[in-house]
C-alpha cells in the first residue's frame, strides 16, 4: 500500500473516530455523567435523523432539518425523562435496562408506523457536497470535514459544561448522591430533565448529520448504540476526554483493521481464506481493542475509579 | 381439479427488514385477491430464525396449512424449508435461494419462484465480460450471501479482479473502502451491500468524487431503496430478473394494479410475491393439494403468466429465466430502473447437478 | 412563633415505624440538642425535617411555613442546612467542587470555610473519597455552611474528629450562634460539649420525644435514665 | 408458607399444566411454546446465578447459549452426514445422542465461561457488562463469517436428537425432557443460593471489601458462579437448538443476551423463579400480540414499560413483596 | 519478654507528594491494647489498611505472629488471623444482622465451596454468629435487615463480625464513632475484656475510651509516630497536647 493511501486511511480513521464521538456525545452526558443506562440512545439518534429527513423533504432546507432534529430529539428526550426515567433513578440499574429496552421497541415500531418501512432520503446540502483537495493531494469529502469540526466543537462544549460549570458539578454530585444534593437545595430532578434533553438533542443532531451520509432507516440507531457504549467504556465512564480518545482509538482500529488485516493474513495464508479470516478478525477488532484496554485498565483509559 | 388450499406465509413484517416482507405479502395478496379457494395465514418472523422455525411448526401443526411461503432471508430459509418439507408440506420461495437448497439439499416439495442466490451475480459477470469491463473491484459483507455472491460473479467474469474487500455486516461508514477503490486501477466497482449498507455506501461514494462505474445485483437498487439514495444512484447498472418496464401484458397489469391498490411503485419483491401466488393458483387449478405427487407435477409445469415473461423450472425446482441488465434513471422526479439489455438469457443455476430427487 | 416546630411526628421506613410522636420547637438563633441512645430516632427526625422522609402524621413548620408539601430541595432553599450522618460527601468530586456544588450567596463562602478548616484549604483539588474520615467530616460541615442556612442541622458532626478539631467546631458553633444568629439543631454524643453550647434539649426514646426543656434544667437523673451517662 | 413460595409453586406448575392442556386439546404448537419457555427460562436461571446472586451483569451470555447450540449443531450435523468431526490426532465422531451433546455443551460453555470470566472479572460494573458483551460479539462475528458450519446461514439438523426411551420428535415428550432439566436445575440453583457458597457470593455482590476482610476471595467466588452460570446457559442453548432443529449465529447475538436478561429482570432479579415467570410472560406476550397488528412491538414495549414502572422487583417482587431474607 | 504478635518495621506510604505513612515502626504485644491516636488525616486508617493488606506499602515490613506477611493480600492476612473493623461501616447491607455474622463465621471456618447444604441451618456457624451478636448486644436485632439498622447499631455489628473471625489480633478503626455515650461506655467495658482473647490495635478519637483502655498509646502526626507511652505520659506530652488533645486532658 502506498504511503499516501496509508495516510489517507489514518485520516479516515480519525474522521470516523470524531464521528463516533459525535454519535456518543449525548450518551456521554446521559450515561457517562448522569450514570443512567439508556439503551434508547440509538432511538433518539434515529428520531433526529427521521425528523431531519422529513423536514428536509418538506422544506428542502438542511438548516431547518438540523433544527428539527435537535428539537424533536430534545422533546423526545424530555418526554422519556419525565414519563419514565424519572421514576427509575432510585431503582436498580437493571430496571433502567428493561425500561429503555421497552422504549427501543416503541420508538422503532412507532417510527415505522409514522414513516413506513422504507429508508428515507436525506442528503448533504449542495454547499457541502463533493470533495475538496487537502494538502498532500488527498481528495476528501468536504462534508466529512464539517462533521469533524462539529464533533470537536461538541466535545469541547460538553467538556466545558461538565468540568467547568456549576451545573456540571451539580450533575456529577447528583450522580454520586441524589438525595444529598437535593437536601442541599438543588432541584436535581429539573436539572436531570434538562441534561437528559440535552443529551437527547445531541443524539438527534448526530443522527441528522451522520444520517445525511448514511441510511435513514428504522434500526439505524442500534449499531450506534453499541459503538457509543464501547467508546465510552474504553475512554472511562464519566470522562469526556476519555470518550474522545476512545472514539478516535476505535475509529482508527476499525478503519485500519479493515484495511490492513486481510493483506496481513494474506502473508501467511491462502489468499481466498485470508480475505475472509482477515475480515472476520477485522470485524472483531474493536471488541478485541476493548477487551485489551479493560484488561490493563479495568476502568477504562481515563476512568477515575 | 383443485379444492381449497390453505397457505401459511411467514415473512418479515417488523423491524429493520420489514419493507421486503411487506412487499412480498402485498404482491401475493394482490395476485390471490378474490380467490376463495385460497386461504392465507400470515405470520411475522421478526427476521429471527428460531421464531421462523417455531412459526413453521405452528402453521403446520395448529393451522394445518398445506403450503408455506414468504421467507425473505437465506438464513431463515435454511431453517424453515427443511422443517416444512420434512413435515410433508410444500414450500414456495418468493425470495432467497441458498445454494444448499438448490443442490444436495433440494426437495421435491420445495420450489423456488425467485432465483438461486448466485443468479444475479453470474449474470452480472457475464454482462461485464461482454461489455468491455476489464478491471473490477469487488465488495460485499463478510457473510455467506456476500462471499457466495462474489464467487458467483467471478465464476462468469473474464476480466481481472483488482481488489476484493469483505466488510463487516451492518457497516455504515465506507470511507476506508472508498479510499481503496480510489487507489485501485479498477474501472468498475461491483458490490453487493443489502439494505442500509448499500444506501450508505452509494451516498458516500457519490460524495467522494471517485469516478468509476458502479454495478451490482438488483437488491441494492430496488425501488424501495432508490428513493433513499436519490440521484447518487443514477447510472448504476444492476442485474435483475424483473423490472417494471418489462414489456408484457402480465407485467403491465401487475404494475398498474399494484399502484392502484397500494399507491406506490412495486418492487422486485412484490413481483416475486405476485408470481408466487400466480404459480400456486395455476397448480390449484390442476390438482388437489392432498395429492402431493399430482400437485408437485402441476407446480413443475409452471403454467402461469409470469410478470417476468418466460418462466420455467429446472429439474431442481429452481427457475430458468432471463436476467436483465437495468440502469438507474430518473423519470420526472422519481429515481427508478430501466432495462438496458439481457445479461443472461434462460439463466439456470449451477447446483442442479447435485440435486438428486 | 418558633423558627422550627414539629408536632406529633410519626414516620416509618416502609413497614417499620421509627417515630411514634416527636414534638420539638426551636427559636431563631437558638441551639437545640437532640439526644437519645442509638436507634431512638434522632436521625429519622432530622430526615423528616429536611424532607428526605415524609412523615405519616404530624406537622413540620419552618419560619411559619408548612414544610409538609415541599420537596427536599425547596425545604433546603427555605433555609435548612444539613450535615448528614455518615458525611455523605460527593466521593468522585474534588473538595472544591463539593463545596461550591450547592453554595448560595451569604456570609459563608469558600475562603471563610477554608479559614475554619485549614486542612480543607490544603486539599482543594483532592477527590473527596480519598480524604481521611475526619477531613470528610469537615467537608460535610463546610458544604452545609456554604448554603448559608438559617437553621443548620448537625447529625453527629463531630464523629471521628480529633479532640482539638472537635473543640474548634464547638467553638465555631458558639461563634456562629453568637455572631450570625444561626439556629442549630445538634445531634451529638458528648453531653459535656452540648451542655456548653445548647440552649435547650429534646430527648428521644423509642421514637418519641420523652423530655424537652432548657439545657440547664436537664439533671443527671434524667440524663442517666435516657442517655445512660 | 410465604407468598413467594406459593407463587413459586404456581409458576412451577404453570408450564406443565399448559403443556398438558395443550396435549389434551391436540395443540402441539402450544406445547412447543411451553417448551420454548422452559428452555429460555433455563437460560435465565443460568444467568440469574451470575446476575442475581453474584451481581455480575453479563451481557455476553449469548456466548454460552450459542456455544451450547453449536455443540449440538456441529455434533449432530457430523452424525447426519456420517463424517467424523476430527480424525487426527484421534477420531471424534458426531453424535445424535442428547446426553452426549448436553455433556459437550456443558463442558464447552463452562470452559468458555472460565476463560471469559477469568479475564472479565478483573473489571466491575458497567465495564463488566461491556467486556462480556465484547466477548459475545467476537463469537458472533466469528460464527457469521466462519463458513465451515454455515456462517450466517446456520445449520439445519433434520431430525431431533435421541434420548433413550423417548420419542423426542413428539412435542410433549420433548417438553418433558426440557421441563425435567429445568426442574432439576431450579432445585440445584435454589439450594446453591442458600448454601455456604450462595451466602458468600451474594455477600460479595453487596460488599466485596467485607468478604475479603473475613478471609474469602470475591474473585474466586465470582468465577465459580460465572462458570456454573455459563454451563447452565450452555445447556439451555443445546436444548434450544434441538427444539428448533437449527442453529445459527443469532444465538450469539447481543439481542439474545439482552433477551435472556430481560426474562430475568421481568421476572425479578435474584428470585429463583424470576426467569420462569419472565420467560413465560414474554413468550405469552410475543405470541398473543403478534397477531394484533404489524406494529405489535409498540404494544409489547408499552406493556414491558408498565411492568417496570409499576411492578417493582419484577413480577415476583410485585406479587410476593420485598425479598425475605432466608431463614 | 514475650515476642510481639504484630510488628511493623519502617513502613512507608505516599500518595503523590503526600507522605501518609512515614517510617512507622510499632509493635503489638499479646494481651495489650495499643491505641493509635492522632489528628485527622494523620495516616491512621492508612496504616490500618497497610496492616490488613488493603493497601500496599511502599517499603517496610509487617510481621504477624512471627511471620513476614508484607507480600500477602487482604484475604490471606485475614485467614492468618488479622481481624479488622472499618471506620465507615462496611457490611452486607441486604443481609440480616445474623447473616453478616454467619458470613464472618464462614470466613473463619473456610470451606466456602459447598453448594448444597443450607448455611443458615448450619448450627455451628449460626451459633457462632449469635454468640457474637450477644456479646455486642445486638441479639434483638438479629433478624433485621442490616440496611434498617441505625448508624450506631451498624458500628456494633462491625465489631460483632470481627468477633466471629476469632482473630489473633484486632485492628479496630474508630469502633466508638457513632455510638452514644452509653454505647461507648458499654463497648469500652467489652473491649477491656476482649484483650485477653486477642490484643487490639485501636484507632480512636474518643479519649475517654482511649485513656481508660490503652496499655500503650502511640501518637501519629503527618504519618510519623511522634510519641509512644502510657496514658499518663501521653497526656503530659506538650507536643501531643498541642497537636491533638487541645483542652481534652481537662477530662
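Letters are used for the chains, namely A, B, C, D and E, taken in the order the chains are written, and counting of residues starts over at 1 for each.
We adopt the following convention: a residue touches a chain if its C-beta (ideal position, glycine included) is under 8 Å from a C-beta of that chain, and two chains touch if they have at least 3 such contacts.
Predicted, not measured: the structure shown is a model, and the values here were computed from it.
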Completion exercise
Shared touch partners for chain D + chain E come out as none
Problem - Shared chain contacts [chain A and chain D, defined touch] - result: B
Completion exercise
Greatest centre-to-centre gap (Cα means) from chain C is with chain B
Practice task
Determine, using the mean of C-alpha atoms as each chain's centre, which chain is farthest from chain A.
Solution key: E
Practice task
Quick one: report the Å distance separating chain B from chain E, using the average Cα coordinate of each chain.
Solution key: 74
Completion exercise
Distance in whole angstrom between the CA centres of chain A and chain B is 34
Practice task
Between chain C and chain E, tell me the centre distance in angstrom, where each centre is the average of that chain's C-alpha atoms.
Solution key: 28
Fill in the blank from the handout: chain E touches at least 2 other chains through residues none
Handout entry: Multi-partner residues of chain C (each touching 2 or more other chains)
Key = none
Handout entry: Of all residues in chain A, the ones touching two or more other chains
Key = 108-109, 112, 276, 279-280, 283
Exercise for the section: Please list, in label order, each pair of chains that touches. Expected result: A-B, A-C, A-D, B-D, C-E, D-E
Exercise for the section: Note which residues of chain E are touching chain D in the complex, please. Expected result: 52, 54, 74-76, 78-79, 83-84, 86, 90-96, 99-100, 102-104, 106-108, 110-122, 143, 145, 161, 164-165
Practice task
Over in the complex, which chain D residues touch chain A? Could you list them?
Solution key: 51, 57, 119, 122-124, 126-127, 130-131, 133-135, 137-138, 141-142, 144-147, 254, 258, 261-262, 265-266, 269, 295-298, 300-305, 307-309, 312
Completion exercise
chain A residues touching chain B in their complex are 1-2, 5, 8-9, 12-13, 15-16, 19, 108-109, 112, 116-121, 123-124, 129-131, 139, 141, 143-144, 212-220, 223, 255-256, 258-259, 262, 275-276, 279-280, 282-283
Practice task
Would you tell me which residues of chain C are touching chain E in their complex?
Solution key: 13, 16, 36-40, 43, 85-86, 119, 130-135, 137-138, 156, 159-167, 189-192, 227-229
Handout entry: chain B - residues contacting chain D, complex
Key = 13-15, 18, 22, 43-44, 48-50, 53-54, 57-58, 61-62, 74-75, 78-79, 82-83, 86, 98, 100, 142-145, 147, 166, 168-169
